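Heads up: the structure comes next, in structure tokens.
Chain lettering (A, B, C, D, E and F) follows the sequence in which the chains are written, and residue indices restart at 1 in each chain.
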Amino acid sequence: MTRPSGRSPDQLRELRITRQYTIHAEGSVLVEFGNTKVLCTASVEEKVPGFMKGKGEGWVTAEYGMLPRATHTRGDREAARGKQSGRTQEIQRLIGRSLRAVTNLKALGERQITLDCDVLQADGGTRCASITGACVALHDAVNSLVAAGKLKVSPLQDFVAAVSVGIVDGQPVLDLDYDEDSSCDTDMNVVITGSGGIVEIQGTAEGTPFTRAELDALVDLASKGIAEIVAAQKSALAA
Amino acid sequence: MTRPSGRSPDQLRELRITRQYTIHAEGSVLVEFGNTKVLCTASVEEKVPGFMKGKGEGWVTAEYGMLPRATHTRGDREAARGKQSGRTQEIQRLIGRSLRAVTNLKALGERQITLDCDVLQADGGTRCASITGACVALHDAVNSLVAAGKLKVSPLQDFVAAVSVGIVDGQPVLDLDYDEDSSCDTDMNVVITGSGGIVEIQGTAEGTPFTRAELDALVDLASKGIAEIVAAQKSALAA
Amino acid sequence: MTRPSGRSPDQLRELRITRQYTIHAEGSVLVEFGNTKVLCTASVEEKVPGFMKGKGEGWVTAEYGMLPRATHTRGDREAARGKQSGRTQEIQRLIGRSLRAVTNLKALGERQITLDCDVLQADGGTRCASITGACVALHDAVNSLVAAGKLKVSPLQDFVAAVSVGIVDGQPVLDLDYDEDSSCDTDMNVVITGSGGIVEIQGTAEGTPFTRAELDALVDLASKGIAEIVAAQKSALAA
Amino acid sequence: MTRPSGRSPDQLRELRITRQYTIHAEGSVLVEFGNTKVLCTASVEEKVPGFMKGKGEGWVTAEYGMLPRATHTRGDREAARGKQSGRTQEIQRLIGRSLRAVTNLKALGERQITLDCDVLQADGGTRCASITGACVALHDAVNSLVAAGKLKVSPLQDFVAAVSVGIVDGQPVLDLDYDEDSSCDTDMNVVITGSGGIVEIQGTAEGTPFTRAELDALVDLASKGIAEIVAAQKSALAA
Amino acid sequence: MTRPSGRSPDQLRELRITRQYTIHAEGSVLVEFGNTKVLCTASVEEKVPGFMKGKGEGWVTAEYGMLPRATHTRGDREAARGKQSGRTQEIQRLIGRSLRAVTNLKALGERQITLDCDVLQADGGTRCASITGACVALHDAVNSLVAAGKLKVSPLQDFVAAVSVGIVDGQPVLDLDYDEDSSCDTDMNVVITGSGGIVEIQGTAEGTPFTRAELDALVDLASKGIAEIVAAQKSALAA
Amino acid sequence: MTRPSGRSPDQLRELRITRQYTIHAEGSVLVEFGNTKVLCTASVEEKVPGFMKGKGEGWVTAEYGMLPRATHTRGDREAARGKQSGRTQEIQRLIGRSLRAVTNLKALGERQITLDCDVLQADGGTRCASITGACVALHDAVNSLVAAGKLKVSPLQDFVAAVSVGIVDGQPVLDLDYDEDSSCDTDMNVVITGSGGIVEIQGTAEGTPFTRAELDALVDLASKGIAEIVAAQKSALAA
């Protein structure tokens, strides 16, 4: 089997992580998985949402959006339609949960960090790219709090990244682009920490259900990919 | 370890499936997993939504709701608030995908079946109960089309059911009730067909990430539980 | 004239009132007028809405909903459409007013009781069934406050119930089912207390206006019916 | 008892009906019941709403609004809040039903007439004033269709008007102004045709329920008042 | 060139300003530019919006609406559609800014004045009429505060009025009515104070762009017209 | 006077126009006025909106958005809030009108081009940058239609660009950045074509009204600036 992109089954797309992409946010990262480009900003606010008040803890949350022409054909602008789609809400809940899994909310103190993940260009895997870029932006925002003396140590306990895997024509492949994503039988998004703990696993059979053996192969592939992605996150932050 | 309910780790709650619970719908099932009670109705309409028009195929979709006082404390009525929560949309998309995985949409013809899953009483696992009950209601609705001569054979290729599994105090357990659900570290919903194919797997670490070994144990437990649930579905339909 | 159901003109449908139908609410009643089935729950909250704050009084309010397939053909889910219809709002305002008419709000203290009336199955007369069932659920909720020592005496001054009456083919009839409701000329909903006081009267001529004599006959019929319904409420509470 | 306005119990406020109040609408009436002023316009459109298509009949409907400062203190603008209140919807449904009760929809042909009733100044009884003024605007609109040769005869079978009655300090009174309306025990709106047929009766006990004898007295009072109002409508149309 | 109305190019329509048009508002003005009729009310509230709290200043804001049948053909009711159009929001922002330009917000104290401008009948120039009438209503409201001893001196520093100008068939004309407005190439709304200072200028080329010379001619024309309008405002307030 | 940026009063910020910034859209331009960065995409659809159907003409429209953290402090996401602000709607209407002013809609044929202007980073002048960038994206989209043989000649009759001017500390200055914009007395946005025709002029006095002489100076300044901007647009398209 040859992938449309010429990649081998276990090969990631070219991954680029650009920090300080915009100037106002406490963390601002452009993450690119091949042609998928997502701008992830981290905004610190010295207050927490209503349901967290008085607990002495912080909160990390996310919002997700896609520019109308990030895709092949123009999609509706959610602000104009007057509501976010179910898909958008599902994705932003996933991003938030993934980042909270590596954050010590008590150590963050009574402040909120909002990760805005806006897709400038889409070619599959936007939610995984969002988690990956948002993690780096979150590190930058938290480090700025430490540098400013507002925090003694970083409340971030680990890195976290995500990748999609799927079965295309019977073959498990890593990091699906749009062409593969639209034609695959099974699509799985996996979120794993730097130390290898699984945070989220979301697999869906689009047509034929998948077997236990396929599940195992997909999780193996995702683990391998995420190890490479976390290395890239660390290297970007060290730059 | 003792579970609050006294169940063994791999024991389902008492499962009851009552067909023809209401009189108007083509399929109407009250499904009970212990104290969780969901009314699942299947409604047949001789038309398809806009995006399916002219394809010569049918569509199966789902809507989910919870009565305001299905829970310990009263929740907002979504109709009064003017929008469905992200959680509601996530659940109804999951139910729809699960049922379409066992339906031959071409064989259904240009008609839509809507599964309404309304939670009358909640005690954990409402989305899994919904999928389980909706599958039976869908069978009833499709059988009524066959009986009426509108379909020659049933477009349903299999059964499908769901169950939640989780790690509570380090122990993998099957079919979490509300008490366990609120205290567990890892929560996973698994959707599997009658022939054992995996349709959906959605696992989330609420606190500590989970290991590969724990993932394996949870999937084993879910597979065992779903085999029992599918047996109950078949027995209910045979009654 | 024969009624489609074979009932005599002044005969109610079979009335069933089941208390403690669900487990979480302070009052939970399934009320059935023939095939019309409404689940009425009463939820007590130790706070009042903004416009009642600081008055030293309580509040009783209601919300009404209908499951999408409670009816012959599936109706839109109001939560999905994003707003409640004018009909829904009219009904829930009527239920709230009717219950407040028998409640001493001062004696209730600064707390709110919300009556949720959700129609599981509809066959005409759902608003009247809602008032009737909600009254019993309200009694249960208030009695639980008395039992818990939060109230010394019940702030409920009376019972209240409702019934529809109408003119079908020139004949005044009691407690219309769906078939009669859709074909009748004049439709009237009457809300009366246990001691016979009129709380609400809402009569509408669908086609030909009605005469003063017909108005009198309809109110007579409603009074007779409500006396029987209140007896059933009292008997259910005594059980 | 003396009424705040000095009127006798069965005396209407000064009633003024001004036709052709604005220039664009097919019917345009300013109706004044004392200080209550409502602008009622009738707009003819050569199409019917979706649910009436293909029936060979017309439709008459109404919309109701209140300018934010029509009242003592400024109310929210419903367009700014983004939704119409339950009260607004209840009123516009009532106006529509009342006018359809005197219209032969078949004779109207496949066209819609919309009555917009906008309260410029409120002092109680705005829904009754709306029905009264809208009836005259509807006559003007229909007469313009007859004059234009689009209709051979008027599809209006009668006049229709409305008035409020209530029990204030134990005394039944006619045509309540705002002061009486806010303090009365029982409030009733009655809609009656020119030939004396009852179209709508909506009575509510705000505090103590009302007796059968009080109901009778109120309907008598309303009948008397409406006879005078219909005379004023006819006289305005003859001018 | 002859204008459809027979006016000379620099001639305003007949301008009428009627104060105390309704009874409840602190300022209530019906302003008429020919057939354009707008009811402008000023409502005083002893509180400011959230973003102005604690600044020791007041706020002046505006809302704008058009009755559905103010126009040749019936328009949607914004309250029924559930949102205000972009045009409505643009206009009410313009009215608010124009009035704040002549108000000393500090001298107003911590209170808000809301100007509601509701178009009863439209024939072009409704936003200019709104500004013109709202200025008079604002003067009345502020004078009532002074009369009541709540303010020592009026915080209004000047008058402000608005007029539309445009190029019709190559000719600059003043105060366009609907016919001219729909056919003109360039349309400009100008807001000028009593002392001649420009507050707002909004010019739009509908077809061919306009030249600098045309811009100059239009501003000249507007200045002349506004001087006459301000004289009328002063004369109305002196009456 | 020294400007905060060190620019001379009539000096533009550094202007960069990058074409083909993203890959899917028919035109995709990143426009930068100093630190203000707007992504402008042009999307061609072979259909027109309802109100343009059957006229044999095309339509050009625009939508505008700002990423939540494009600004110094995070703003609400309009999609999450469920509606676009009045400011957003005002801006997108302005962009659309400006582009239609240089487009021959008849020559475009029955197709729609939507310009999405999304602000990635804001430092004042985002609406002017949007118009400037959108014009280039529109040229690219139209040229692609010509290249594909769908249009014989370009329906674009000219270039169009916009710039803000204002009076800061009594001095007219060109192309305000955020610091100047927040402190200026008068703010004006001017839209001018390549051949010098004025398309839009929108001036607002934030505090003191401005004089006729100031208006003249501002228009002079804007004309000079736009000539430079149009030169940059042409040079970008020639590249």
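Heads up, the rule we're going with is that a contact is a pair of C-beta atoms (placed from the backbone, for glycine too) under 8 Å apart; a residue touches a chain by one contact, two chains touch by 3 or more.
Quick caveat, the model's predicted, so the values are computed rather than measured.
With respect to chain A, maximal separation of chain centres occurs for D (centres as means of Cα atoms). Note: centroid distance chain C to chain D, computed from Cα atoms, is 28 Å.
We define each chain's centre as the mean of its Cα atoms; on that basis chain A and chain C are separated by 51 Å.
Residue positions of chain D touching 2 or more other chains: 82-83. Ring order of the chains (start chain E, then chain F) is E, F, A, B, C, D. Those residues of chain F that touch chain E in the shared complex are 83, 86-87, 89-90, 92-93, 97, 101, 188, 192-193, 195-205, 207-212, 215, 219, 223.
If you check the complex, the residues on chain A that touch chain F are 22-25, 28, 35, 37, 39, 41, 43, 45, 63, 65, 67-74, 77-80, 82-84, 88, 114, 116, 118, 120-121.
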